[in-house]
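The first chain written gets the first letter, and so on, giving A, B, C and D; residue counts start at 1 in each chain.
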Amino acid sequence: MAKIVSLADGIAELVHDGDVVALEGFTHLIPFAAGHEIIRQGRRGLTLVRMTPDVIYDQLIGAGCASRLVFSWGGNPGVGSLHRFRDAVQHSWPAPLELEEHSHAGMANRYVAGASGLPFAVLRGYTGTDLPRHTATIRTVDCPFTGETLTALPALRPDVTVVHAQRADRVGNVQMWGITGVQKEAVLAARRSLVTVEEFVDELTPVPGQVVLPGWAITAVARVPGGAHPSYTQGYSVRDNDFYRDWDAISRDRDTFRAWIARHVLTTEVPA
Amino acid sequence: MSAADWSADEMMTVAAARQLRDGTVCFVGIGLPSTAANLARVTHAPGLVLVYESGCLGAKPDRLPLSIGDGILADTADAVVSVPEVFNYWLQPGRIDVGFLGAAQLDRHGNINTTVIGGSYADPAVRLPGAGGAPEIAASCGEVVVIVRQSRRTFTGRVDFVTSVGYGTGPGDRARLGLRGGGPRTVITDLGVLEPDPATGELTLTRLHPGVTVEQARAATGWPLAVADGLTTNEPPTPDELAALRALQATLKATP
Amino acid sequence: MAKIVSLADGIAELVHDGDVVALEGFTHLIPFAAGHEIIRQGRRGLTLVRMTPDVIYDQLIGAGCASRLVFSWGGNPGVGSLHRFRDAVQHSWPAPLELEEHSHAGMANRYVAGASGLPFAVLRGYTGTDLPRHTATIRTVDCPFTGETLTALPALRPDVTVVHAQRADRVGNVQMWGITGVQKEAVLAARRSLVTVEEFVDELTPVPGQVVLPGWAITAVARVPGGAHPSYTQGYSVRDNDFYRDWDAISRDRDTFRAWIARHVLTTEVPA
Amino acid sequence: MSAADWSADEMMTVAAARQLRDGTVCFVGIGLPSTAANLARVTHAPGLVLVYESGCLGAKPDRLPLSIGDGILADTADAVVSVPEVFNYWLQPGRIDVGFLGAAQLDRHGNINTTVIGGSYADPAVRLPGAGGAPEIAASCGEVVVIVRQSRRTFTGRVDFVTSVGYGTGPGDRARLGLRGGGPRTVITDLGVLEPDPATGELTLTRLHPGVTVEQARAATGWPLAVADGLTTNEPPTPDELAALRALQATLKATP
């Protein structure tokens, strides 16, 4: 049975300096509010894990929370580059950022292996690319039946995974629907987990396309209405596409970025 | 229609849409590929199946999605599956006929770079977004269509980083690597179309868009561009294609 | 796009003598009618694949269709033994039955590997049991990162998989819900597939817990109302528990069994 | 209540139900385990989480299911997942606290046979259903509870076939094999309860049901049965337990 907590308490209890932290959500249901709370609480030295480090990771990186990034695609979807990510990689600002770079298929399978209690994943991937030259966590394994060589990747086991979902019931069973990405796997792969939800309800009426995560498989649930903004929560909010476009200008300059964080993250619970 | 009536980007998108046969299954990225695939669906290929890596199989959006995880994709899909499932059950076994890819750099053998340009991997001149789904799309789809604006910076003799494999260093490389898909059969640019020479695997100019010259294409290519014997010129966009494309693009502006 | 066929044509076209055939359905949605059609068409030398060979495989085995069984649990659920299965194993009646025996976890993962286009599956399983002594398709693989030894199994790739579902639309998109077992994986692992459905509808209204198989991933769909009887189809029929109990007596004796098959399978399209 | 008021099977089921602590997660097979788990849920353990291998997580049936895939399980579950998922994401990583297993043969080290008895594997005297989910339940659950009627035929010195591993040939075997779960901590029979001796891993009689003697237990055991120093006698079923159990069993007859 998951513990019901406030966002601030949940982050304080579950996310520690130096942790391996995954915030997942594939365009939809990105746990922005939780990311902002991590910035507010000043976490340092995090290894951030995420298939698509987009604006939320740009913010965490620019705010100096991260020392390492495990990822497969780092961009502002539909807009362009992540300037804080680039600045960290190209100029070590505000701190050097070590990269562990994979493909989507690889990251997804690494979470699957983690969720399955296996030490590694097998897939057809990476072959012929330059990724294995630079990423130490890409190896091969031979099929014991056909002899064929396949790609092997180590399981992802974050210290903590944070996701956002539509709702939860009073014992912390979590329900999400729409595009649910790799969230189930990311939660089950982690040692601890925090789910932010739009609301608590007495009963989780079944919804087509739902993924339900039982409360006993989750560490804590926090009510954070609008917790995915500027990402969206199907059935609750729409994506703030303007914000994603605006982020390009906000994040391009270090001072503009710092001013934005000071005003919208450090001084408020949830950004307007 | 004359060239004054449409832009090079419109011609590129129309040419990409024409490439898609009705009834095929297409793995679509956001941006030009998504526009081209949706254009095909509202024109000659109503039975085109669009698969988005966010897990939406058979999405039928009535407006252009703004992101790969746009809610309109889930709302209109035949099935929404997890991201691991879309890669493992649908892409990896070769169930996708056509994969669309963009490129920051593309070399003469169709290898693609979307990772780093210049400097070294550890200290690059430009850090790009990285691989995303591309390496496995390039490996496993029946064929790959690359859509990219042509310039000497992009069309380079050798990519700085192989993010997604085309024909490697030449014919036989895909088979040697065990890649099961056919590789990049078509590269569609704002100037024309390149296709691999069957003997060498080298991208060769096979079609020009109306009003474009071979010299322009050569000037925008960072290697000595071979031109196919049977070089042809694409039909310009039809009024119907153009109207459909512009109607689709208007939906982008209408979405909050 | 799946082809819409009659059951008889579907079986005639897709199931051939000597094929590796999987009929899946986990208590729910077992494709009994399709199995009966295989008996009527007199297929021989089949390798039957199924996690839980229950009454439908008892019938196929007793009718002489099978020469090999790949399985993980062969019983009459809640009732007892499968007498035709036992008779085939213990007395080679009506024909010898070669066994390839696995666990549920193993079979499920073998389908997953087949559906994923991988030659093998990795799991924690079988260790210390006597199964690897007798089943050649159980081997080991070492993790290239930790060195840990895990169990490896070859992918299942049936020539044809047959499943039953609630309904399909006119282009053969199939929708099933309730307990959906390993059916998606079994269909996607197969070279060809046949889905029997309760009904065709113009539009597949979304249902909570649904699994949708796109028509372009299926070979053929046939309308067979009641095609899961005496198993059940959630939302359409309930399980005929009496039949499962009665089967114990029917199947215990060879002649009683033959008389039952003659009367209920060979002379009717769908058993009453 | 006196022994005349309840049967040995009822005592066995009640003893099994008592074994389940509230709030734990329990992997349940059909038959006695399902009856015991549901009895626990309607008596002292309302927060017991029942997981069925058909993919039903947190099922809360208001009648006894007739099969592992009974529709009542899907209808009342917190989540219905695929069979691969239940094994890979839920059982294998050790998320299940207690696994219930039956046995056709059980040996002194808690190894279980549900595959073949007598003869050889290829030509057995009796062919049983086989493994099902048992090998991985035995390997991965926090602990295993075995429910089985005690007889010399079933309780054998050495099982004819190891379908599911208990303590192998003795202490240390599970660790050597890399099995992560705790193994069979409790064997509940119609005569009493056996538990492994921590030093030897051998099943030892630790509790008797009311009215049963050590001699009866020894007579029903195919190896020289060790008896624990602190041998106790189980409390007989309470009227509440018995009423709840009989109400549950009546639902079986009421289901068509």
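In the analysis below, contacts are C-beta pairs under 8 Å (C-beta built on N, C-alpha and C of every residue); 3 or more make two chains touch, one makes a residue touch a chain.
This is a predicted model, so every value here is computed, not measured.
Undergrad: Show me the overlap between the contact partners of chain A and those of chain D.
TA: Per touch definition, common to chain A and chain D: C.
Undergrad: So using the touch definition from the top, which pair is joined by more C-beta contacts, B-C or C-D?
TA: C-D
Undergrad: Between chain A and chain C, what's the gap in Å when you average each chain's C-alpha atoms?
TA: Each chain's C-alpha centroid was found; their separation is 39 Å.
Undergrad: How many angstrom lie between the centres of chain B and chain D, each centre taken as the mean Cα position?
TA: 57
Undergrad: Between chain C and chain D, what is the gap in Å from one C-alpha centre to the other?
TA: Once rounded, the distance between the two centres reads 28 Å.
Undergrad: Enumerate the residues of chain D that touch no fewer than two other chains.
TA: Residues 88, 92, 140, 180.
Undergrad: Show the residues in chain C shared as contacts by 2 or more other chains, in ascending order.
TA: Chain C, residues with two or more chain partners: 117-118, 123-124, 148, 184-185, 209, 211.
Undergrad: If every chain is a node and every touching pair an edge, decide which shape results: line, ring, star, complete or other.
TA: Chain contacts: none of line, ring, star or complete; other.
Undergrad: Between which chains does touch occur?
TA: All chain pairs meeting the touch criterion are A-B, A-C, A-D, B-C, C-D.
Undergrad: So in the complex, the part of chain B that touches chain C is made up of which residues?
TA: Where chain B meets chain C, its residues are 23, 25, 47, 49, 57-58, 78-79, 88-89, 92-95, 140, 180.
Undergrad: Show which residues of chain B lie in contact with chain A when the two form their complex.
TA: It comes out as residues 30-31, 53-56, 66-71, 73-74, 80, 82-84, 87-88, 91-92, 115, 121-136, 139-140, 161-165, 168, 173-174, 177-180, 255-256.
Undergrad: In the complex of these two chains, what residues of chain A are touching chain B?
TA: 26-28, 51-52, 71-75, 77-78, 81-82, 85-86, 89-90, 101-105, 108-109, 111-112, 123-131, 133-134, 148-149, 178-182, 184-185, 209, 211, 232, 234, 238-239, 241-242
Undergrad: Spell out the residues on chain C that touch chain B in their complex, using ranges where they run on.
TA: Spelled out, the residues of chain C in touch with chain B are 1, 115-118, 173, 184-185, 188, 211-214, 216-217.
Undergrad: Touching chain A in the complex: which residues of chain C?
TA: Checking each residue of chain C against chain A gives 117-120, 122-124, 137, 139-141, 143-146, 148, 150, 152, 154, 206-210.
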